[in-house]
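First up is the structure itself, then whatever we jot down about it.
Going by the order they are written in, the chains are A, B, C and D; count residues from 1 in each one.
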Amino acid sequence: MTDLKVELLPGLTLANPVLTASGTFGYGREYSPYIDISSLGAVVTKGLSLAPRAGNPGVRITETACGMLNAIGLENIGIERFLKEELPFLRDSGAVVVVNFFGNSQAEYAELAARLDGVDGIAALEINISCPNVKAGGIQFGTDPGSAAELVGAVRAKTSLPLITKLSPNVTDIVTMARAVVEAGSDALSLINTLLGMAVDLQTGRPVLGNLTGGLSGPAIKPVALRMVYQVVQALPEIPVIGIGGIVCAEDALEFLLLGARAVQIGTANFIDPRTAIAVIAGMDKFLSARGYEKVTDFIGTLKPGR
Amino acid sequence: MTDLKVELLPGLTLANPVLTASGTFGYGREYSPYIDISSLGAVVTKGLSLAPRAGNPGVRITETACGMLNAIGLENIGIERFLKEELPFLRDSGAVVVVNFFGNSQAEYAELAARLDGVDGIAALEINISCPNVKAGGIQFGTDPGSAAELVGAVRAKTSLPLITKLSPNVTDIVTMARAVVEAGSDALSLINTLLGMAVDLQTGRPVLGNLTGGLSGPAIKPVALRMVYQVVQALPEIPVIGIGGIVCAEDALEFLLLGARAVQIGTANFIDPRTAIAVIAGMDKFLSARGYEKVTDFIGTLKPGR
Amino acid sequence: MYLFDAEIIENRRLADDISSLRLEARPEFVKAGSAGRFVMLASADERLDPLLKRPFGIVRCGRGWFEVVIKEAGKGSRNLAGLRAGVRVAVHGPLGNGYPELEKDGRPLVLVAGGIGIASIASVVFSRNFDPAALLFGAARAGELVLLEELKKTGGGRLEVAAITDDGSSGRRGLVTELLEEKLEKWSDARVFACGPGPMLQSVQRVLQARGVEGWLSLENRMACGFGVCLGCVQEMRAGVRAKVCTDGPVLVAGEVVF
Amino acid sequence: MYLFDAEIIENRRLADDISSLRLEARPEFVKAGSAGRFVMLASADERLDPLLKRPFGIVRCGRGWFEVVIKEAGKGSRNLAGLRAGVRVAVHGPLGNGYPELEKDGRPLVLVAGGIGIASIASVVFSRNFDPAALLFGAARAGELVLLEELKKTGGGRLEVAAITDDGSSGRRGLVTELLEEKLEKWSDARVFACGPGPMLQSVQRVLQARGVEGWLSLENRMACGFGVCLGCVQEMRAGVRAKVCTDGPVLVAGEVVF
């Protein structure tokens, strides 16, 4: 048995480095028939907004080669219902909870951060500055270092909770984005969110998705995610990075850790098999134990140079 | 039978809109045992530089989920050998030839353009400003609108051949890049080149590719390619766009045309089956004929709005 | 709900592009698989294309097995339909609510199937006895009227069966809603279960609303997960409510769906 | 070179993770498939994962068929090895140069195989008669010494056979290069064909160079296309030359490869 504990941030130690990604794990409750959610590193909630959101009309998902496009449009029950109806369940289940949230404006982000500050049972906040499906806010913040930094600064001022910023891969230079939000007070980084993509239906001659474009996730994007995690870890070695993108098995997760990610999140794979995260934890232990690692932290960031 | 002829540019009419992508079709000769290369819309050559290049050491390719990473490093025989040893074969075969080229500096690009200007048997030039595997030049040009425009301007000054600029998808805003090179004199656009990605080998603990990172191609990237083609066609409706990325069958190619691409290029799929481009042409005809299209140009750009 | 790999016991072709797969299942699964519920299926290998599981109705269950009927609509269904006996399939289910258990109060039940919607409707015939009942089955052409003989046999004297095709190649030429209108003319107190493509269900809903007839529609929205998490299958309902077709449905009350 | 879909005639397991596939082939293909050449294979369905074809040596050919021996190294090889008789495989080949046709001048031929390199080496035994000849076969463990009995039978009296394993579970414990050194001690005018993993070929090359022995190495570089286009398989050679392993090789002259 390898000790899988990781100190993600000072004061935030997780039982293992395997989290479930926002928007792919509901509010945790949906998965409890299948797995013990308290055995995960943490559960990241569906992205929450101040008011409930209905999401996008029309077709919201479509499969692509080794991936999927989604244009859910951040449908969610809103922060108040979450705190009243969902958080108590999560708390009782013993799960470590990271709340993912987003706003339509900087003020909304700040208000959400303030509302979540000090709430019992929330281990950290993950700011989604990168959802490609919201026209009002989201995307600008996620692709411009200046606005991203300002936004994170505004949120930082309103909360003492650990702050994780989730970055969009739809940028020329991920390191500049990373640096900007870290300097603005983000304690850690999650990357990547979905790549902006599109699908068309030849039979109807129309875009498949009601929203025209959508976010590409799944194994197809893993090479891009690995590259970005690598770049950010190299540039900002002190900053905890959570690797996300296309993880379906323990080996995928270990690849991110090898590059230096301190934890990973599993997204799309939860849809295919709700037990994926549990299998990843077990497979990670097996791989590391077989190679004599006492602690997963001895493995993290041990990439050797190319030959 | 649908008439598949497309006028890519004033004065450059192709028998059909199906081209083969640079770096995936050699210098054309390699494919002649398998297909009649004169029946293609055009053959785009492997990217050529002034001097021959050896490419990158170490492992150069690795498969990823529905895609592949390559770090060939633009190995090529150099412009002079191409003109002497390969172009005559292509000319004799009756193929329409688009020469893809790149330099390590603006001066090299300009020199290449000058050298290729007026050479018999070259239908158009495709400037690769976007190869992720060259550290010296490539990538900066490909991701900064200012340098891209300057580069294209310098090339434009040296040639009267039709100029196609091949754009990198590794940017925040593809439309800005497109606009910049068009304003600098590019007649048409090819998109997309490969996404920058990475793979690691858990067994060795090292990056798989000798060059650390590589270019992601294949079906995995099709949604990103479709999205970028859509954005550029919407923003610059008058500019001919050649859609590239993940095409393996006629339906894939037709999706790009539906969005408004005037032609497509087939890359990675050539490796899987050298007859792909021919099958795509046949399948395109079949699809369009069955729906009563007399000309492929009646189909191009007919995307209806989402419902 | 169970997650397991099941061996294909039999793969029987019913039409050009429609196959019946009989899959292994444990008794608990069989017990839970009542009419109108569904499974998510993918071939149980490490290949990642197709990536997501695909939803299919549980047509019937027996000792140690269940049956799905798959129409080849795209890559996912083609792949499954092409698997041979002995190959393993990853199964998640039974999922969804299924058709409501109706009181046996003598009111007739009308079953309306469009195309491969018969898979869902057949599960009612195979598992419940209504008397009187009618099965109205519409398809594009004769070849797609699958399962018809078996359904007639199972339904016996209790079940009237009528078929209609778009091209008139079997039964009448026309749409299944025509049959429904005629039937409701006679059975005005009937209740209706319907499954088929969106436009058909929309017409059925219109007919039911116009006549004030009670009914349930089984929807086939695209699904990524099948268990209420991705929000991909969400269906707009009356009064601004949204239903997750996978968990609140697939069977939704007619009159409440906003198509 | 041909491009075709071939049915699997037989899939025979030779070891835990090694299978022999017999595939249909037309006479022209069989004629062209000489020792050391290879095919690119993928399952002939529309699933895009695995995406690229994978290279495998043509072990032997018969009337209407050829055989490959596949070690499960990753997803691509596992997928192929798991296909059953009757399933179709997309084939591209024969590709590559194959082993040189040597003059029968009485000089001995030494065949050196490391692990699954036996697939390539076996093709020499099955298609050519050298006298005298020796087969030196090294593998990680006994279970991986596949094809050994058949090779002995085919080689008959002309072919000396010696095996060595890393763990001593069969034959001697050690590396196949030890056997090679000993053999060349006696047969100093021998010529050598070798196939195996990179590090083994590197050692073989060193041994040959030290002794001035003539030899050929069959390389197993990663390939995307197999016909000289992708430049993925390029191997650094002496004097700054680069070889495409797929078309200039896979059999390259020992002494010229820069590992």
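As a working rule, a residue touches a chain if its C-beta (ideal position, glycine included) is under 8 Å from a C-beta of that chain, and two chains touch if they have at least 3 such contacts.
The model shown is predicted, which means the values in this text are computed figures rather than measured ones.
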{"item": "Touching chain A and also chain C, the following chains", "value": "B, D"}
{"item": "Distance-maximising chain from chain B - centres being C-alpha averages", "value": "C"}
{"item": "Inter-chain centre distance, chain C versus chain D - centres from mean C-alpha coordinates, in Å", "value": "52"}
{"item": "Chain A-chain D separation of Cα centroids, rounded to whole Å", "value": "46"}
{"item": "Whole-Å gap separating chain A and chain B, where each centre is the average of the chain's CA atoms", "value": "34"}
{"item": "Sites on chain A at which at least two other chains make contact", "value": "65-67, 218-219"}
{"item": "Contacts with 2+ other chains: residues of chain D", "value": "48-50"}
{"item": "Pairwise touch network: line, ring, star, complete, or other", "value": "complete"}
{"item": "Residues of chain B defined as touching chain D within the complex", "value": "23-26, 30-31, 33-34, 54-55, 57, 59-63, 65-68, 70, 72, 75, 218-219, 248, 268, 270-275"}
{"item": "Parts of chain A lying in touch with chain D, wherever the complex brings them together", "value": "65-66, 219"}
{"item": "In the complex with chain D, residue positions of chain C that touch it", "value": "45-50, 75, 78-79, 82, 84, 86"}
{"item": "Touching residues on chain C, where the partner in the complex is chain A", "value": "1, 3, 42, 48-53, 76, 90, 92, 222-225, 227-234, 236, 240, 242"}
{"item": "Chain A residues touching chain B - in the complex, by the definition given at the top", "value": "58, 64-67, 69, 143, 170-173, 195-200, 202, 204-207, 209-214, 216, 218-224, 226-227, 230, 246, 251, 254-255, 258-259, 287, 302-307"}
